[in-house]
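Note that the chains take the letters A, B, C, D and E in the order they are written out, and that residue 1 is the start of every chain.
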Amino acid sequence: QQANEQFFPLLVYRTGAYAPNGTPWANGKQDYVKYINATGGINGVKIAWEECETGYATDKGVECYERLKGKKSSLIDPQATGITFALTDKAPVDKIPLITLGYGLAASQDGGVFKWNFPLMGSYWTAADALIQHLGKKEGGLDKLKGKKIALVYHDSPFGKEPIPLLQKRAQMHGFELVLLPVTAPGVEQKATWLQVRQQRPDYTLLWGWGVMNSTALKEAVATGYPREKLFGVWWSGAEPDVKDVGANAKGYSALALNPHGTDSALIKDILKKVHDAGNGAGPRDEVGSVLYMRGLLIQMFATEAVRTAQAKFGAGKVMTGEQVRWGLENLNIDDKRIGELGLAGLIRPLKTTCTDHMGSTAVRLHTWDGSQWKMQADWYEADKAVIDPMVKEAADRYATEKQIKRRDPSDCNA
Amino acid sequence: MMMDDMAAAAEAPAVGGRRIGDVILDLQNISLRFGGVKALTDISFNVREHEIRSIIGPNGAGKSSMLNVINGVYYPQEGRILFRGEERKKMEPHMAATQGIARTFQNIALFKGMSVLDNIMTGRNLKMKCNLLQMALYWGAVQKEEIAHRGKVEEIIDFLEIQSVRKTPVGQLPYGLQKRVELGRALAAEPSLLLLDEPMAGMNVEEKQDMCRFILDVNDQFGTTIVLIEHDMGVVMDISDRVVVLDYGKKIGDGAPDEVRNNEEVIRAYLGTSH
Amino acid sequence: MLYRENGQFKTSYAADQQIFPILQDRVAIGVLLAIAFVVVPMFGSDYLFRAILIPFLILALAALGLNILVGYCGQISLGTGAFMAVGAYAAYNFLVRIDGMPLIAAMLLGGLCATVIGVLFGIPSLRIKGLYLAVATLAAQFFTDWAFLRIGWFTNNSTSGSVSVAGLNVFGLPIESAVAKYLFCLAVVCVFALGAKNLVRSAIGRQWMAIRDMDVAAAVIGIRPMYAKLTAFAVSSFIVGVAGVLWAFVHLGAWEPAAFSIDRSFQLLFMVIIGGLGSIMGAFFGAAFIIVLPILLDQVPQWFGIPLSTATTSHLVHMIFGALIVFFLIVEPHGLARLWSIGKQKLRLWPFPH
Amino acid sequence: MGFFLETLFGGLMAGMLYSLIALGFVLIYKASGVFNFAQGAMVLFAALAMARFAEWIPKWLGFDSLILANVLAFAAAMALMVVLAWVIERLCLSRLVNQEGITLLMATLGISYFLDGLGQTMFGNDIYSINVGMPKDPAMILESTFEGGLLLSKEDLVAAIIAAALVALLALFFQKTATGRALRAVADDHQAAQSIGIPLNRIWVIVWSVAGFAALVAGIIWGSKLGVQFSLSLVALKALPVVILGGLTSVPGAILGGLIIGVGEKLSEIYLGPFFGGGIEIWFAYVLALAFLLVRPQGLFGEKIIDRV
Amino acid sequence: MNPANLLLDVNGIEVIYNHVALVLKGVSLQVPEGRIVAILGGNGAGKTTTLRAISNLLKGERGEVTKGRIELEGERIEALSPSELVRRGVVQVMEGRHCFAHLTIEENLLAGAYTRKDKGEIAANLDKVYAYFPRLKTRRTSQAAYTSGGEQQMCAIGRALMSSPRMVLLDEPSMGLAPQIVEEVFEIVKDLNVKEKVSFLLAEQNTMVALRYSDFGYIVENGRIVMEGEARDLASNEDVKEFYLGLSGEGRKSFRDVKHYRRRKRWLS
């Protein structure tokens, strides 16, 4: 790592129980960094990076964070909810922003309280909201959900519990019944849960799992004869590792697709050419374009975009500090034009962050497993601000009182 | 047999200048069974204050079980136990200790992970009064108490001549020394009744002589009553005041050593011809 | 300087009953403390404190508490994580629900709550022994895991079930910087280590060990098994509870029940075994071995500039770590503390072989 | 009623699968007094070997037959487990003769770490599948008796039958035979066993191989159910209350314990769970085991704990 | 002694426990074929350690032979496993009984026959042991842990005999046995020695009986052999008489009258 390089710590888990999911994710992150370097860096600033294995364990993650922090980390993607919780306190002190794309605390969307957290593209609340909207649409209107029964099969941890408040609120609004079915981590044994599904016969079942819990849930759904068409997963339950081993049996199962996948985009073609063909690929070539790989890629793309944005303000071609990158993250404006330049035309929605909105976009689609691959659906959903915003505000305020922090002054936004 | 018993009691011999006192422990019609095994059948005998009372008998006769009954490890199905005149109801082993009954075991039951010193110190446990918090601070009272008891324990260590191994973990000691430490631990409780289960097994004559001396000294100096199980007839005959003989869980003899030695039934069942 | 006991005659039992009867040991421990309290804070880096020393100290404290139960009293526990969690969540509730609750008081109260739960789950130990007892402590583990996730009151109704604390201070001094946190943990650990050492070298410690080595015999010489076992559970869970508070408040700051999962319980048990059952020092050795060693191993390839992928490094670390555990056990089955004391014994004889 | 039966059935099936893993623990404990912490790692290792060999062997040898691939992979994986047993005995156990149980437990932890690393290095850490032709679809039975019929997972049924057969086999092999006696002797006292000529090293290789075999079968069944991935090693945790409840030394105990825990878990989750907010099956299993132990401290079929002075 | 029929030859062995405690400081002894040899000595002299060194059971105690040679019929045996030694006919009866607690008496005995494959032989051995120790027969179905100390001792001896040994290392066989059983045990030893040519090396505290039944004796003190000789000669040695047999000039002294001060042993100067 030289003085004129931007340092990205890469917290990853390539071993242990979550390795099948963590590996493509980590490879995507790494490939994007390599790709940027291969194309001349960010305005000439090359990116230095170092991986640190967390094994999905919080204390290991903290250790990694502390280790890499010393190397002038300018932003970090903890890649696990537990680690995010532990780092949320440390980030403001160390002045290192956290990107938690599609995970972390839902309330951290509120930049007024969570100055250093950036749950870009969505939180568990927006995810749950999109799913309910989708179900409403299937039924022909949200009001048609009245009297329906929707079950949530969730990982019994903060990750799995996050969507509950939103679902409860929606249940109240539309009059459907919400059945909560917790699954004890890691989720290798779900017989009781699925017997309950069978007993209760919910009209729809939402799956909020991670790792082995997902494939096990699908297998149990098969074993108890629950139609996969009525099963909808969050975006952490909708990647290849989750269905790979279930194969054709999972056909019909849909999940949120936070990001596009496939190898058709200009970006992927370029990466294959500049990184993989040069023999620099982090993982196997055929993994490129898979769901979680793409998610890693996007995370790193936003990270570099943040640096680029910051450079526009603080000096192009310079190495940005954590604070400067934070500013960049807060002032991202990835419009359609920029998306085109990034080689993702038509594949993601524009994203614009502000001082108060650290999420930037809540647009999401669903994809459905056709027995051999994920097929993207056409409709985009956006979280209903009227539902989400008050909840976010309330939760953030609560956090602020608990932590004895004051809401940011609007003047702070322009700093 | 009851006659034997009464005769022996009536005599209440005063051996070697020691005054043998009243009955301290009275066992009446004790029967103990383990499933089908009858370990003890209707056994009665008593122990007098200050005396050395031996129990002998062939292997598996029920001697150790008898000691276990006395200090509450086993609870007999039938019979009465009177200690100092009071009948004892069902009791936990640790209560025997509070009443002043200490013992050693046939299969050494020392605390293997602890040093000799600590092992003997546990014997004084009942006499220590400080509470947890004081101990955590280890100030004043605790330290004084520890030192006072340590003094007592060192006396025992000197008495048993095991100074050199004080800090050795007992697990590493040779068998004979372990037996000695066990005696030390029992002595540390300053018992009024001391039960010894084959304290001299695995010792050579010289060491047995030492051990006898220890036992006699304890008996002399502290007036401790002793119940002794031993297979070495020389020892038993030489140092005990009265001897009970068990065979297959039944009592077949009771009386002064000489009496027992000449009892036909005892000779047949246990001693064989040579003694 | 030769390491000899010769010539140091102890003239009183008090002198002989000191924690470190040998002069050289006393000097060494003094120097060590001076380094820990003065030198390390001057030169240590943030990384050293936050990633290595603080977790090391806190888990060493927990291991120390566990060692009282497992090492001294012989009651196997796989519920250490639970008792830590009880300490942490209880202290959290005291802190948020009672205004102006001082940190130290919250910490001790947390410890006390852990004590209550510890004693409760220790009651089966009066009947169940050995590995079978693990069931009782595992029940504690899974029950508390579940309770803290499911019962909103414990987490002050936080939606996700994760909680956090802020603005810690002791007597007005903020515990925010790495050094302050380190010194605070160090002080707590020293106090508790001393207290624990005092306990194990006085009557109660001997009762525990007696129960551990042979409970029937212990009962026969007048030790009440119930009292001994339950005090061991109480003292152990108190210390473990305090360690839990430190882990949550000082090390993590924000946590979810998973921070005290069964893995933590196993980890602590392993520390105690590899460090040395029935040894206060062993807890520190064990914690160092289990926490610090993998971190070091992880960084070795980098120091030597060996280009290994993250996954390969991690697998190798696993294998080497596993092999080292076996290796050290073969060298000394009674743990690192015993290895240490044998080393000292040899040093005492040195330069003569025996 | 129908649903109750389904739950009961589900519990029995799950319990049978737990038994399968519990069996590995029991075998090793019975034969050496070691609580084998590495059992989970062994299950994973065996399953990985099986899955990967089934993938590689046809490639190496250039044939294309699922059955043959599975058979060869099974043989190869079993051979690997035997080698493993041998290595463990050589490098670890033989040097820890006569040490306390807790030390040996710790050593097995070391082995477990080692195996985790080795398995992932050799075989990779992605998800692999084992396809031994387990039926995945559910079957409906007794549709005339119960409304909607009774749902029966064929996969579970096959697994349960295999588990039961394996257990019966092992129980037969270890009970009453001279080897069985020798194993129990070793567990009681390593040194005394040596002194009368029982070859510890051979015994241990045999036992660890058999435990390896049990791990392989468990790995295949669980692996074909869950997919072969690291999480497989975590199912060992589920077997913990089972072994303890059944008695650490009893093969039949492992079965009965498994069934009790399996059924208890499912019934409690479904009928009591809603009152507690769900997710209670995990601790309920332990409370259940605890309740049994308070009555029988040595487990249902375990050997009586001897404390005698 | 005639080296031609030397069965066991221990030559200058040193044993260290835990890498620090030097316990045997050069012990040499021989057991000729078909003889009974006794090792005598006080507590902690090193008798058990010597036997463990021969039978290779030291490892489990974290002890090791650091010097010297141990030969069985001229072949070094330090590297052989204990079970291999049993296969070659050398079996040890361990001090402190060490019965398999959870096994019944009969299972204990049968476990002792592990190295024998011949069913008939095993049955015959079992009958023999039961004939030697009728007490065991009555207790055959009890778990060893629940038998009396003496019964366990018989079980341990019987168990060793089940392997049809050529040489038995007996560690304190008389411990905890009633006097007439002690005599019986030694009669058994003699019997096996005479009838089946089994050699014995016994460590024993009961010097009187031991010297009566053995051919040759060694006296160990402090990890060294301090005296050796024909059993008869030892029995008449003044020192041995005083320290090991409890006999002084005028016959056996009463245990009640032993003096508090005793003469130091000559060899401990």
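Everything below uses one rule, namely that contacts are C-beta pairs under 8 Å (C-beta built on N, C-alpha and C of every residue); 3 or more make two chains touch, one makes a residue touch a chain.
Here the structure is a predicted model, which is why all the values come from computation and not from measurement.
**Student:** Among the remaining chains, which ones contact both subunit B and subunit E?
**Tutor:** Per touch definition, common to subunit B and subunit E: C, D.
**Student:** Return the chain whose centre of C-alpha atoms lies at maximal distance from the corresponding centre of subunit D.
**Tutor:** B
**Student:** Determine, using the mean of C-alpha atoms as each chain's centre, which chain is farthest from subunit E.
**Tutor:** Ranked by distance of C-alpha centres from subunit E, the top chain is A.
**Student:** Taking all protein C-alpha atoms shown, work out their mean, then name the chain whose own C-alpha mean is nearest to it.
**Tutor:** C
**Student:** Roughly how far is subunit A from subunit C, going centre to centre by Cα mean, in whole Å?
**Tutor:** Computed from C-alpha means, the inter-chain centre distance equals 37 Å.
**Student:** I'd like the Å distance between the centres of subunit A and subunit E, where a centre is the mean of that chain's Cα atoms.
**Tutor:** Distance between chain centres: 74 Å.
**Student:** Which subunit B residues reach two or more other chains?
**Tutor:** Within subunit B, residues 73, 105, 107, 109 contact more than one other chain.
**Student:** Hunt down the residues of subunit D that sit against at least two other chains at once, touch-wise.
**Tutor:** Where subunit D meets two or more other chains at a single residue, that happens at 99, 120, 125, 277-279, 282, 308-309.
**Student:** Could you list the positions in subunit A whose residues touch two or more of the other chains?
**Tutor:** 14-15, 19, 23, 156, 182, 184
**Student:** Just spell out which pairs of chains touch, all of them.
**Tutor:** Final set of chain pairs in contact is A-C, A-D, B-C, B-D, B-E, C-D, C-E, D-E.
**Student:** Please give the residue numbers of subunit C that touch subunit B in the complex, ascending.
**Tutor:** Checking each residue of subunit C against subunit B gives 12-14, 17, 195-196, 198-199, 201-207, 209-210, 212-214, 216-225, 231, 235, 278.
**Student:** Write out the stretch or stretches of subunit C touching subunit A in their complex.
**Tutor:** 45-47, 50-52, 55, 96, 146, 149-150, 156, 159-162, 164, 166-167, 176, 251-259, 263, 295, 298-299, 309-311, 313-315, 318
**Student:** Could you list, by residue number, the parts of subunit A that touch subunit D in their complex?
**Tutor:** The contact residues of subunit A facing subunit D are 14-20, 23, 156, 180-184, 186, 188-189, 191-193, 195-196, 198-199, 211-212, 215-216, 219, 222-225, 241, 244-245, 249.
**Student:** Once bound in the complex, which stretches of subunit D touch subunit C?
**Tutor:** Answer in residue numbers: 35, 91-92, 95-96, 99-103, 105-107, 109-118, 120-121, 125, 237, 240-241, 244-245, 248, 276-280, 282-283, 286-287, 289-290, 293-294, 297-299, 302, 305, 307-309.
**Student:** Which stretch or stretches of subunit C touch subunit E in the complex?
**Tutor:** Listed in rising order, the residues are 333, 342, 345-346, 349, 354.
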